[in-house]
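For reference, chains read A, B, C, D and E in written order, and residue numbers begin at 1 within each chain.
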Amino acid sequence: MDIKDFIAPFAVWKRAFEKPFTVKKPIDERPGAPRYRGFHINDAQKCIGCGTCEAICMNKAIDLVPAAGYAAKEGDSGLRPRVDYGRCCWCALCVDVCPSGSLGMSNEYVWIDSDPEVFRYTPGVEAKPWDGSPLGYRRAEGYRLLEEQRVEMPELDYKEAVQTFLELVRGYSRQQAEKEADRCVSCGVCIASCPAHMDIPGYINAVREGDMQNGLRLLYETNPFPEACGRICTHRCEEACAIGTGGDPVAIRWLKRYIADQVELADYGKVLPRAEADSGKKIAVVGAGPGGLSAAYYLALLGHSVTVFEKDSEAGGMLRYGIPEYRLPYPALDKDIGYIESLGVKIERGTAVGSAVALAELRSRFDAVYLSTGLPAAYSLEVPGDKHPRVLDGVAVLAAATRGEPLGLGKRVAVVGGGNVAMDAARTALRNGAAVDILYRRRKEDMPADPDEIREAIAEGASLVEKAIPLEVRDAAGAIAGKQALFVWNEARMVQKEDGKRPVPEAIPGAVHEDPYDSIIAAIGQGPDLSFIGEADRLELRRFKPVVDGFGRIAEAAAGAAAEPGAPASASPSKAAAVFAGGDLVNDRKDAISAIADGHHAAQGIDRWLDRKGS
Amino acid sequence: MNELAERLARRYDAEGWHEQRKDLASISIPALRVRDVLAWLRDEEGYKHLSFITAIDNIERGVFTLTYTVRNHDTKHSLMVHADIIRENPVVDSVHLLWEQAWTYQRELKEWFGIDCPGSPRKDEEFVLEGWDQLPMMRRDFDSLAYSNATYAERPGRVTHDPAAYMKAQLYPEADQ
Amino acid sequence: MIADIFVRIGYAAISLFILTNYGLLLIGSMARISAKVQGRVGQPVWQPYIDIIKSIAKRNSIGHGVMFYLGPVFRLAGGIGTYMFIPAVFGSVLFRNFSDSGDLLLVMYFIFFGQLGMALGASEGGHPYSALGVSRGLAQMTAFEVPFALSVIAVVIQYGTLDITAIVAAQQGGFLNWTLFTNPLAVLAAMIAFLGMSGHNPFSVVLAPQEIPIGPPTEYHSNLLGMLQTNRAVFNGAKLVLYMNLFFGGATNIVIMVIKTFLIYFINIFVGQAFPRFRTDQSIRFFLGVPTVVGIISVIIAVL
Amino acid sequence: MSSKKIEMAPLANEGLPLEERALFCDVPPREYEPARGVIEDFYNWARSQSLWILGFGTGCGAIELRPLMTSRFDMYRFGIQPRATPRQSSVFVIGGYASVKTLKRIVRSYEQMMGPKFVVALGSCTINGGMYWDSYNTIKRIDQYIPVDTYITGCMPRPEALLAGFQELKKIIRAGRAEGQNLYARNFEWYKENQKKVIKDWNMPDYNW
Amino acid sequence: MKRDRMPYIPPAERATPDLDSGKYLLMWQGPQHPGITGNMSLRLVIEGDTVVDCETHVGYLHRGFEKLMERRSWMQNFPLVCRIAVPEPDFNEYCYAAALEELSGIQIPEKAVWLRTFSLELMRLASYLMWIGGQAGSFGHGTIIQWSATMRDYVLDLFEELTGGRIYHMYIIPGGVRGDVPAGYFKHVLEVMDTVQKNLDDIELVMYHNAVFKLRAEGLGYIPPDWIDRYGITGPNARAAGIKRDLRKDLGYLAYPQLEFQPVVGSKSDAFERARLRLQEMYQCIDLIRQCIDLMPKEGPFRAKTPNPLYWKVPAGETYVAAECTRGEYGFYVVSDGSEKPRRVAVRGPSYTHAVSVMERLVRGVNIADVAGLMVSLHTYPPEIER
């Protein structure tokens, strides 16, 4: 201790002549830093209510509550996160994890109240002073807790693929599947978008856990075509996928396929449920497409005895005849159908209802009938010359390819249409060595086909001609009549006719093109063939569609008073079995998964109807 | 380091040497030899510093696994010494004579797991809790949430919805009919 | 005669009132100055008033027996007593108080009296910190009273009187007549004792919030605390006036009194902001060391 | 200490030895009528301008009190200062979560404070348990055990938020709405019941001011 | 005065004082006591002014973290761990993240390594700044804390700018860090470092060259070097006794091997020596922060990919990750049984030994007035004792 120790401390007084450290008006002068984790904000329009924030929150601070003005719809649960500031710890993991990136935090931090009940609010829905604050914590650039990129699906090289009918998509390996499955946050928003309402989070979780048997069991709860759907489903679920709001959606379809691929058919029986007891009821199903066979499967599970009538020589319907082998290899389809058959479902192949057996006969022989005949009749081009021999029907071409018949498409093929059938036809033609033009009335983004399919078709070498309105088909000049056709089409531009509707193509006057083709494949849609339903069946049809109730039962025309006078009004309108219908025949979605959903649903309806009738 | 493993195995029936990092390894010893092993490690092998003592409730195997982490500052190596003791009436030798701070850890073991270390000072006094009348709370079979819910009042009025179930109720309620 | 007494009492009351307010403002402004050193703005100058009003506005209070209540009363009585026998302004009728009725010894008695009364009351509170604080306070007081008493003795010897007014009178006529210059050693000893008397750092061990929060007044609250707070102003003022009178030539008008007492008080802050606090044993050792020696020397000088 | 006093007013202070009982007041809490009109307003103004915080860091919230009471934010200039003893303090800042062991001390300290006394609760943990909602050792709602005047959200609330909270508290006091002391006296049994439900080893006197 | 400076070694055996003898006074220091660091209490038995016996009582801040962590998923624990030591949360985050990464085999990017080092050093500085105010305050010097708390606040501003939080930064997330530095950030850091350094110079002058402070601190709480291993003393408390141990050097984690520094070592091992040593470490912190800024890669990812946080399963295993915090060895012992939640997480806080066994031993024979100063000089944080 020296003299310095007595003098030096007085250096404190130096401070007295400096500016104080004190902030004059702290509350006003010190806003939170630009990254400050203040009170929550939410872009309620962008938010889809997936609840991932709720799942990550370790404080159980977030509830999902219905929000005024946000109704549940596909891809939006209509719920919005409600934060309890009696729980929140401002860790912002909810912001980091938010798939859509709608959650954020403002840099506001003062909220004082004497009432402890007020500290709960729904950001973005209940107005708060800090709404829309540009500053505050946001997920940093290049930082995500969830993987935004999908595991790339291994595919054949397009150059190679176009040479063969080998399956293009090779399927995930175990590692890839588990990695992809790990991207899922199990929010379940997708379930509503799936026509069959499959338990998507459930089976994805099964992949994550590596429990394939459980996964298969979950798949079969609502869908007996996992192999087929795992390949060709229109996967509307992926459009609703929460992860898709901020990156690639989870490859739900491929994961489904992965599960089905992993389990041997022989093991199916060990996992899947079976009928507990035979009910003694007999049910006829017309059409062995996905819808019909689904109905058959679920009816069989309920203990009914099912017979399926199929006009073609093989079961599968459009899955077999409408979808080329490189997308859905026949063994995969056979696996699905094989399992259904193994439950005792009889498939009468080559038996067309209407010609081989009448509907009325089915109605008398069986306790109920399910119609799932789909849309076998192709629409024609509806232009002059559409009956030209080189104008082929897309579905027919695909069916012929399935049967292995020579197609004789020639060297240059035009495919007219923008749906999946068009793409499949184009790619089938490519595989037959043709040069293919796809002509479509509207733009590429308007095409109803699966984007993957369009991408693949183009990658395989098809050229896409957008905004082409067909005008006429006629014999090409100098060609042998009926051997080559000249396709006349008009270039169009897109015109916004009505607000809120999609623009329509309008022909540009004078911009008419003429191209010679060896074949013109028309794939602009198909219609039903209801010729087997007769007047006497008294089934109500409207605009070529059966009129069905919630369970797919076709309404029966009010029994003509003349036919059965005095019949009690409450009694069944006819003694004949009730007829149910579903699939493309009835619904507007016209895809396999909707048909499957209809089939499942109708099976429940039929069972209830039988119950009611029996009691 | 494997020589150490061998020596431990030879002298004290230690087994399961696992090299986690180049400066961290673990080994299992019989619970009866805990004090011997630690004293030997401290006096002969230079593991003079006790980092911490804790236990893991391996309820499936019916044992508590004790972990004594000791560090040799000269070789810059840490060793986690494990010893299993039966969950029913767990007792282990006290090491409070080896390290002066060990009794605190042992007091914690007593309160948190119910593991008794006979002779350890103040081991039966309350450590962090006051008036605790439940299972020792770090045991796996003590359910913290259930206890909390039963004991401490929560502010009512919270309700949440599962998106999938809510969408089902809103969009396709018929599916369950 | 009776009227005269009433007039004097009235004057004394006014004087006390002014001193109390001055004491409060002094505390307030010293807090501002400390705050400045600490790099901040600090509390308003009038904060001590609000604190006292607040204390009085407390709705309930609890007691620990009669002595507990008497503690602050004694303390306040000590403060007022000290002041009442010191002439605040030399030659002023208003501020002469009862200085002619008592002398330096009485004043010194009152300085002790408050402390002792407080000690009795605080101990009754039952709080160990109170008891500790009291023992520390008494120990430290005993220690600083030694140099203080020595320097007072030196002053008394120097001026040959115990009458404060006379001491002040002797210092009139130029600042070189102040005790500060006529007997600097006595002033040095007294000033060091003053640091201890005011309880600022480094001699704040009596209150020492980090050790025995907050010493003797731990249990006091409500209006009892208000009384203590008022006393702090009165007692501080009284001590300052006493020091001014004994060592710094007194004051002939109120402005000089304010300036002088302010500066004397400022020494506390000046030292207090720079140093931590002594332990009790250290402060006793300190007071009985250099300051006592200085005091003794000053007495010797005065005697010689 | 006169033992006579104890005989006259026997207490339920089982936890204390006889000679220590006399150290504490033995009057049950009662409600206090506010003064009338302007006087009460004046008192309330003084109370609001002289907030003495009890220096009891009950949880993590205490850490932001330190910047607040030092030079950067300098709460002294708003008439707020820390006080080491509950007897002289008027504001109790509950710094976040309260473990059961601390709650016992909180209740004791709160009761030892002289009314009118105010409670400011910080952070999520005091409102609904916060991140320790499933902990076996922390309570979820402080208002079950002592009356609270105002809450400040955040984890941690920044010093500015605390300051804003104190300003709000001042407004409440000036408006005469900070009657936590009377609330506590009125619902004394309810509070005691809640406290005893949680604090298992109840070894403190029921009356203890 | 000489007697004060002689190191006092309290008796080893704990005598049980007879409280009924009337010779002793039983006194509780804490939990409601300004002289206690945090919420903790000491049960002191004093004779005159001297402490003859001390029992520490902890648990006022016990929240059951280790149990709560067993209930939460691996990622959910990330916001939880920082709450274990309130004044110095980043070390929790680092130890937990590093343990998790080690068990899962995740390699973090270079940039994250540097940002972690940077934020840990910044945290160390903030923590020491808090301590220095406490140390001065415990001896009654109220001015230092006013300055140092503001300096700490400036450092907290830096944290706020970088991480979005003042106290709980939640920045060192498993896999890396949560964000790159904002534009112009390092310039701000360097400015603040200059301010802090300038103020530290002032503090050194006022506090360390202070007769009364020296009188109080010198010879107080002498820890003999042979206690270091016996009591498990780590950090500055050990280094002040001349034991050169610094996990930053010994373990060489993060970017420390690339930084140039030497552990500060003392010899006298009393409160003043420890205080002096910590001051030097503060200067060292500032230096390390500057080095970090110089050496840090400018570009590059700051976070490695980690599995989906909702379903992250960590392979079974166990590890112990330690780091040198301001008080000593801070460590996380993490056991995974291969599930989505930890099997066991145990936290080793240095205060566990310093504030309980060392404190109880050292405080015996100390003047009651020095208890607070002694406790602060051991630099203890109760929340990490009881978790």
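By our rule, contacts are C-beta pairs under 8 Å (C-beta built on N, C-alpha and C of every residue); 3 or more make two chains touch, one makes a residue touch a chain.
All figures in this text were calculated on a predicted structure; none of them were measured in a lab.
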item	value
Chain of greatest Cα-centre distance to chain B	C
Chain closest to the middle, measuring from C-alpha centroids that were averaged per chain	E
Winner on C-beta contact pairs when A-E is weighed against A-C	A-E
Longest centre-to-centre distance from chain D, chain (CA-based)	A
Interchain centroid distance [CA atoms averaged], chain C/chain E, Å	43
Gap in Å, rounded to a whole number, between the CA centres of chain D and chain C	35
Centre-of-Cα separation between chain D and chain A, whole angstrom	60
Euclidean distance of C-alpha centroids - chain A vs chain B, Å	50
Residues of chain A whose C-beta touches two or more other chains	9, 11-12, 15, 20-22, 32, 58, 84, 86, 89-90, 116
Junction residues of chain C, two or more chains touched	35, 37-41, 209, 213, 273-275
Of all residues in chain E, the ones touching two or more other chains	33-34, 59, 62, 64, 67-68, 71, 79-80, 83, 143, 146-147, 150, 168, 206, 210-212, 215
Chains touching one another, given as label pairs in label order	A-B, A-C, A-D, A-E, B-D, B-E, C-D, C-E, D-E
List of chain D residues in touch with chain A within their complex	71-74, 77, 121, 124, 126-131, 133-134, 141, 143, 148-155, 157-161, 163-165, 167-168, 172, 177
Chain B contact footprint on chain A (complex, rising order)	49-51, 54, 62-66, 71-74, 77-79, 84, 86, 116-117, 120, 187-189, 191-192, 197, 201, 550, 601, 604
Chain D to chain E touching residues, read off their complex	54-60, 62-64, 66-67, 70-72, 82, 84, 86, 97, 99, 101-102, 105, 109, 131-132, 134-138, 155-156, 158
Residues of chain D that touch chain B when the two form their complex	100-101, 104, 127-129, 133-141, 144, 194, 197-202
Partner chain A, residues of chain C touching it in the complex	33, 35-41, 270, 273-275
